[in-house]
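Labels for the chains are A, B, C and D, by order of writing; each one numbers its residues from 1.
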Amino acid sequence: MAMTVVGIMGPGEDATEKDKQLAYELGSLIAQEGWVLLTGGRAAGVMDAASRGAKSKGGLVVGILPASNTEGMSAAVDIPIVTAMHEARNNINVLSCRILFFIGMNPGTAAELALAGKARRPSILVAQNQHVIQFFSEICGDILKIAADAVAAIEIARQILRVSSSL
Amino acid sequence: MAMTVVGIMGPGEDATEKDKQLAYELGSLIAQEGWVLLTGGRAAGVMDAASRGAKSKGGLVVGILPASNTEGMSAAVDIPIVTAMHEARNNINVLSCRILFFIGMNPGTAAELALAGKARRPSILVAQNQHVIQFFSEICGDILKIAADAVAAIEIARQILRVSSSL
Amino acid sequence: MAMTVVGIMGPGEDATEKDKQLAYELGSLIAQEGWVLLTGGRAAGVMDAASRGAKSKGGLVVGILPASNTEGMSAAVDIPIVTAMHEARNNINVLSCRILFFIGMNPGTAAELALAGKARRPSILVAQNQHVIQFFSEICGDILKIAADAVAAIEIARQILRVSSSL
Amino acid sequence: MAMTVVGIMGPGEDATEKDKQLAYELGSLIAQEGWVLLTGGRAAGVMDAASRGAKSKGGLVVGILPASNTEGMSAAVDIPIVTAMHEARNNINVLSCRILFFIGMNPGTAAELALAGKARRPSILVAQNQHVIQFFSEICGDILKIAADAVAAIEIARQILRVSSSL
């Protein structure tokens, strides 16, 4: 049976310190659950912090890279998937995860969250502001879950996985 | 010199009657300007209405299709681009247009608008509600323009094209 | 009804003078048939020569570009499709054409010809050498047609279009 | 540091028994080297046999899937990457591997080998016929290596990895 792959999506260079701390914590909790972490793979922001967090607990990290090589890849990525398709890889990120966690917000992150809504992938907004929650609740409906912090997000993910047995 | 290609993005099967009427009108105005219309190409909702509007005034219509053939294509498409990459084609839609018009809202449309923000493509929200305007103003910044109707949208587009000479 | 779109595929920077002359001639004949020409869009080799040939007879030219902008685009492209997915765009080139013409050979061209075989798109080898004909005849079967020159290639294409009414 | 990912490419439903036996053996040898195996992920032909071979020795298997879900996936895949981009995923397969092994031949396999030539990825032809070797030697040049069987292929791969330290 395939491993349980979950994703953490969020801003790169424009991530806040708080985003990155949260991503690191969530990445480490994901590794402790025995889940594989999937991110956008770059050495920046939420992707990098989440990957390092997972790595710190011995987790396995898949990075879906935008460019045609591994330049600028997070050092915590174990398995680089080299797409050479830039933002079009967003859809791969979304489709390959059984659950997606969203930390922070920018255009790329919003695109991934919207695609998750389109693909009906369970998506957990972690510590997001009210405008984000309001807009995406309107368009994504019941695939959207709200968590105040990393621990609450993991608990929601566990419940989802309990009732959905595969991708 | 390449033709001026502009896009109309919006919901398919879940478009409202009002969305479709607006898309038809905007498509016809785009054709009257001599611009090429680009849409997602399917025989549904905003894409189809916009394409038929453009066609009604002798315009040229490019359809960027999701599947691996032309099944379900709008009859008003002149040039089908067959991508076989489903939602990943959103990024092609965005990058290929000098200006994008957004009518109606759903997850696919939100993904395209977010990608337009990422790629810094001028994007005109036509008759959108306040939550949409508020959320995307926060993440997309100054590429975002607001128009109350099709005529106002065309006027904004003309101004943008006057100062930007190519894609 | 959609226009008839046909493609000319072949090497870029590494095209020979003979490849480029043949591509120019074939592009001009395609335009005279009233068919839309689709190429890889760059200002190099077979793509550029074919596009200029089509343009010289008033044809319409679609360029499926590899990068995320129009830098390096052939000046003869009317409608740039900006994919930002580099070699992965090969499959779009193949799927979007009712007939494909192959002039010259290199790894990119071979990839497109193989994909045409996979998608069962009628493919005409124009003035190719015996190794090319032999290898692709083995893997592509009856979608493959052989033409000694541009005029013969057009005649074969006409026959194919006579019996296949759409993409 | 990222894991060493290598790929086995070859026909699906149209693979021969000999192709599948060879793929199984090569997959198991790859796992014994401690390398991660990457394939096209489907439960068919060379992909499936290679994945089962790797699994039989406790290896880790990444499957780059063509569709928008995991239907038809090989049961031996550990990490499914869901692309929804069909043949356009070929380029991801090629770019994500440090070394590619090619067993059997059909249009999809030829497209991947041609893309490997384009991307200059070391490619090992395993037990291929003379027409294949001849054609691809002409277009791919020195990235192409020839192996008579699985053991010889592994030995060539070891030598390549000794002198190239990363993707």
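Keep in mind that, in the parts below, contacts are C-beta pairs under 8 Å (C-beta built on N, C-alpha and C of every residue); 3 or more make two chains touch, one makes a residue touch a chain.
This one's a predicted model, so the numbers in the text were calculated from it and none came from an experiment.
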item	value
Repeated interface matching A-B, over half of the contact pairs identical, chosen among C-D, B-D or A-D	C-D
Between A-C and B-C, the pair with more C-beta contacts	B-C
Computed distance of Cα centres, chain C from chain B, in Å	28
Where chain A and chain C are represented by their mean Cα positions, the distance between them in whole Å	40
Multi-chain contact residues (two or more partners), chain A	68, 83-88, 91-92, 119
For the chain C and chain B complex, residues of the former touching the latter	1-3, 5, 36, 62, 64, 68-70, 73, 75, 77-85, 91-92, 95-96, 119, 166-167
Contact set on chain D toward chain C in their complex	85-92, 105-108, 110-111, 114-119, 131-132, 134-135, 138-140
For the chain A and chain C complex, residues of the former touching the latter	68, 83-88
